Amino acid sequence: MAWTRDQMAARAAQELRDGFYVNLGIGIPTLVSNYIPQGMKVSLQSENGMLGMGPFPYEGDEDADLINAGKQTITELPTTSYFSSADSFAMIRGGHIDLSILGAMQVAENGDLANWMIPGKMVKGMGGAMDLVAGVKKVVVVMDHVAKAKDGMIEKKLLHRCNLPLTGARVVDMVVTDLGVFTIDKHGSGGMTLVELAPGVTLDDIKANTEASFQVALAKAA
Amino acid sequence: MAWTRDQMAARAAQELRDGFYVNLGIGIPTLVSNYIPQGMKVSLQSENGMLGMGPFPYEGDEDADLINAGKQTITELPTTSYFSSADSFAMIRGGHIDLSILGAMQVAENGDLANWMIPGKMVKGMGGAMDLVAGVKKVVVVMDHVAKAKDGMIEKKLLHRCNLPLTGARVVDMVVTDLGVFTIDKHGSGGMTLVELAPGVTLDDIKANTEASFQVALAKAA
Amino acid sequence: MQKVYSDAKSALAGQVKDGMTIMCGGFGLCGIPEVLIEALKDTGAKNLTAISNNAGTDGFGLGLLLETRQIKKMISSYVGENKLFAQQYLSGELELEFNPQGTLAERIRAGGAGIPAFFTKTGVGTLIAEGKEVKTFDGEDYVMERGLVADISLVHAWKGDTEGNLIYRKTARNFNPMMATAGKLTIVEVEHLVQPGELDPDAIVTPGVFVQRIIHVPNAKKHIEQRTTRKREAA
Amino acid sequence: MQKVYSDAKSALAGQVKDGMTIMCGGFGLCGIPEVLIEALKDTGAKNLTAISNNAGTDGFGLGLLLETRQIKKMISSYVGENKLFAQQYLSGELELEFNPQGTLAERIRAGGAGIPAFFTKTGVGTLIAEGKEVKTFDGEDYVMERGLVADISLVHAWKGDTEGNLIYRKTARNFNPMMATAGKLTIVEVEHLVQPGELDPDAIVTPGVFVQRIIHVPNAKKHIEQRTTRKREAA
């Protein structure tokens, strides 16, 4: 029984630590903010120029001058500060953000990440993704283990090498999918390691759905 | 009859234009602020992080947090803004300051400037001078025409080439001395031109005290 | 030296030429200089290069200049909200240069700060680094990126005094402060025009030296792209 | 995650090692982290590299660490106010690296921003450019300068909240904000320690992410190097 989107977000939230400054991507990563453990202090950074991001506003309280990087209306907190895009990415590029959680199209066993373009399709742009994966101390990808095309075909997303254009080379530290959790030794030669299985998922399930080579070091029983 | 320090400052002040943003060095250049023409709007920048510098405070009003680049107590104006040293030199390096007026030890006929060190003597440092002469749109030097050593010997300061270490190469647009005014075609091959004589000073006086080659194009009679 | 102009049309009068490079503040539709963009459209200038994080949306912001085909090239990081953009790009009418958002922001900051080039880790090993100098510092690879300047920068600020000192509001700040420094001519629309002395000098984000022209837009229209809310909990 | 420490000694405890690189805010004696500098002296750490625009004066600021010979090397732009400095430098006890002030400020800003190197016109054709890469952009020569980071940055701010958000006062800002970004460990003394929410979020200069430790120095001593005044005119 694979993890749901919320369960994936909850699993990614286990990578949070007290005092962390965190940037969350659009989609499942955004849900991670619902799973910050009670009593833990985590500050959310929004790359359009805000530190200390609050929840969505109550209806009627929306402020057009107060949005996140997904252009959604949000709120401020007593801890909030605002700054320019240059200062925001100085913060990101300079390694001051502890954790970035974001989605992906493909991840390779060496930590390469592809999540911004499919050649031949309309390209929307990389936004801040390339800066985030290059600059943030720890990068966690949350994504479905495989992609299901309209025709029912399954495309693997954990690969030996990405065949889509890269967002970053050797940038991913961890991948949380609906089937399990992998760590990647992106700076060394340790490659990818399966460290956790979703409940009811077997090693064979993982093998059948994964092109990447990986070692197995399961801390918990499946 | 050579110009006094105040007359040199007044002559340099003729280079001011309405709306100019100006950085004044220590010494005679500081006096230029006394000769801003009535009705002309000139904003003074202080490279330690201030735009819109006011006059010295009244006795008893000194504020240790409010100093200029010479570490002198000053005051703010209604137009004042404060910023960091990085932002201040971004402003200078980026060409946003219209005019820099500063002192010099030597100026060469190609616009080279030396004003920060004498080898063998204690070196205090260049402070912001190298950034100012490299970044500001127009650089005017105000200095005595020659240096008089303790033993009474005279050293020329307007030279073919500076023999002191440079503050900047091809950076000076104009030199105001106690004897006259020179312009320098720092980006082209026009060299140095004598354009003005102090009252009672003759071309022969200038020639006797100047090593640099210069053309003569006197707009005013001596 | 009067910096305050009566309206956007007079502030732009005689300044915009075909083929110019224009920087335009804002992130999505947040903090865009909407009134100045409309006036830019009305100049009729063509073959413009627009440097802006996004390309507006259909009917708003730079989307207006796409409709009139005044933009030849966009330098942006994300243009996903604009169907007209996609059409013109796919038909080859519009050139596009993608920059990572942080690289774009830093290139503009560098342009304003007199820095012709800098090195960043962002994009190393990707398409973005192709054709660019890559250099190793302390064992890591970095790509060289160039500073950007514009003929004209259009900026939106919250409060500005008649000297051009500016303060921004919340996330509407975004690209506006850097663009204010990187325009040969910087024109600003402010929601509140005040007198010198009314802004806290320690809180001014853009010092007046960067601003050549200001207009007052007291009733700025603001648009929300993604209206997200939560329910009030019962007391 | 408690960032507030009771005093300078406890904020530095166990953090300072011989041979470390320490950045120190301030311009002259304006805005220096005086209480933290004294505590740094009291750690007894030796062979320090100090990055600071100036070297204090005799008996004040970094001058204190020169007296105790704890500084091996200074990276500065101007050290003219300190006789002890001159002595130690001329006797060969002290290494000195001069940087143009704007280059020093930008190197620190770059270090904090993840930029390992950048190009500037400043110093081209002078001693400062010797041994450094010079590159031509658009027909002009520029010298490459490297980013700077420190093991510890000592910063003085006017107001700070318990999150580490900081605001500076007048020209006491100077090098403090960049240094706050470029320290692996940034320790700040604030004249006024306030609660989150008491600072205007649009006016915060240093966001709390850059600050690891804060102390409150309610009665900061301040020194004036050049007391210049004018006479009150008769009414």
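Here are a few things to note about the model shown:
For reference, chains read A, B, C and D in written order, and residue numbers begin at 1 within each chain.
Going forward, a contact is a pair of C-beta atoms (placed from the backbone, for glycine too) under 8 Å apart; a residue touches a chain by one contact, two chains touch by 3 or more.
Just so you know, these numbers come straight off a predicted model, no measurement behind them.
Annotation of chain B and chain D: jointly contacted by C, touch as defined at the top.
The most distant chain from chain D is A, comparing centres defined as mean Cα coordinates.
Two chain pairs, B-C and A-C, are compared here, and A-C has more C-beta pairs in contact (counted per touch definition above).
Distance from the chain A centre to the chain D centre is 36 Å, each centre being the mean of its Cα atoms. With each centre defined as the average position of its C-alpha atoms, the distance from chain A to chain C rounds to 28 Å.
If you average the CA atoms of chain C and of chain D, the two centres end up 32 Å from each other. Annotation for chain B: residues touching 2 or more other chains are 76, 82-83, 89-90, 92-93, 135.
For chain C, the set of residues touching two or more other chains reads 106, 109, 113-115, 120-121, 158, 168-170, 173, 201-202. By the definition given earlier, chain contacts exist for A-C, A-D, B-C, B-D, C-D. In the complex of the two chains, the chain C residues touching chain B come out as 1, 109, 111-115, 161, 163, 165, 181, 195-197, 201-202, 204, 207-210.
Residues of chain C that touch chain D in their complex: 106, 110, 113-121, 135, 137-138, 140, 142, 146, 158, 167-170, 173, 200-203.
Within the complex formed with chain D, the residues of chain B that make contact are 46-50, 55-59, 61-68, 70-74, 76, 82-86, 88-90, 92-93, 112, 122-131, 134-135, 165-170.
For chain B in complex with chain C, the touching residues are 18-19, 21, 41, 43, 45, 51-52, 76-83, 89-97, 135.
The part of chain C that touches chain A in the complex is made up of residues 27-31, 53, 76-81, 86, 89-90, 98, 100-106, 108-109, 120-128, 158, 168-178, 205, 222-232.
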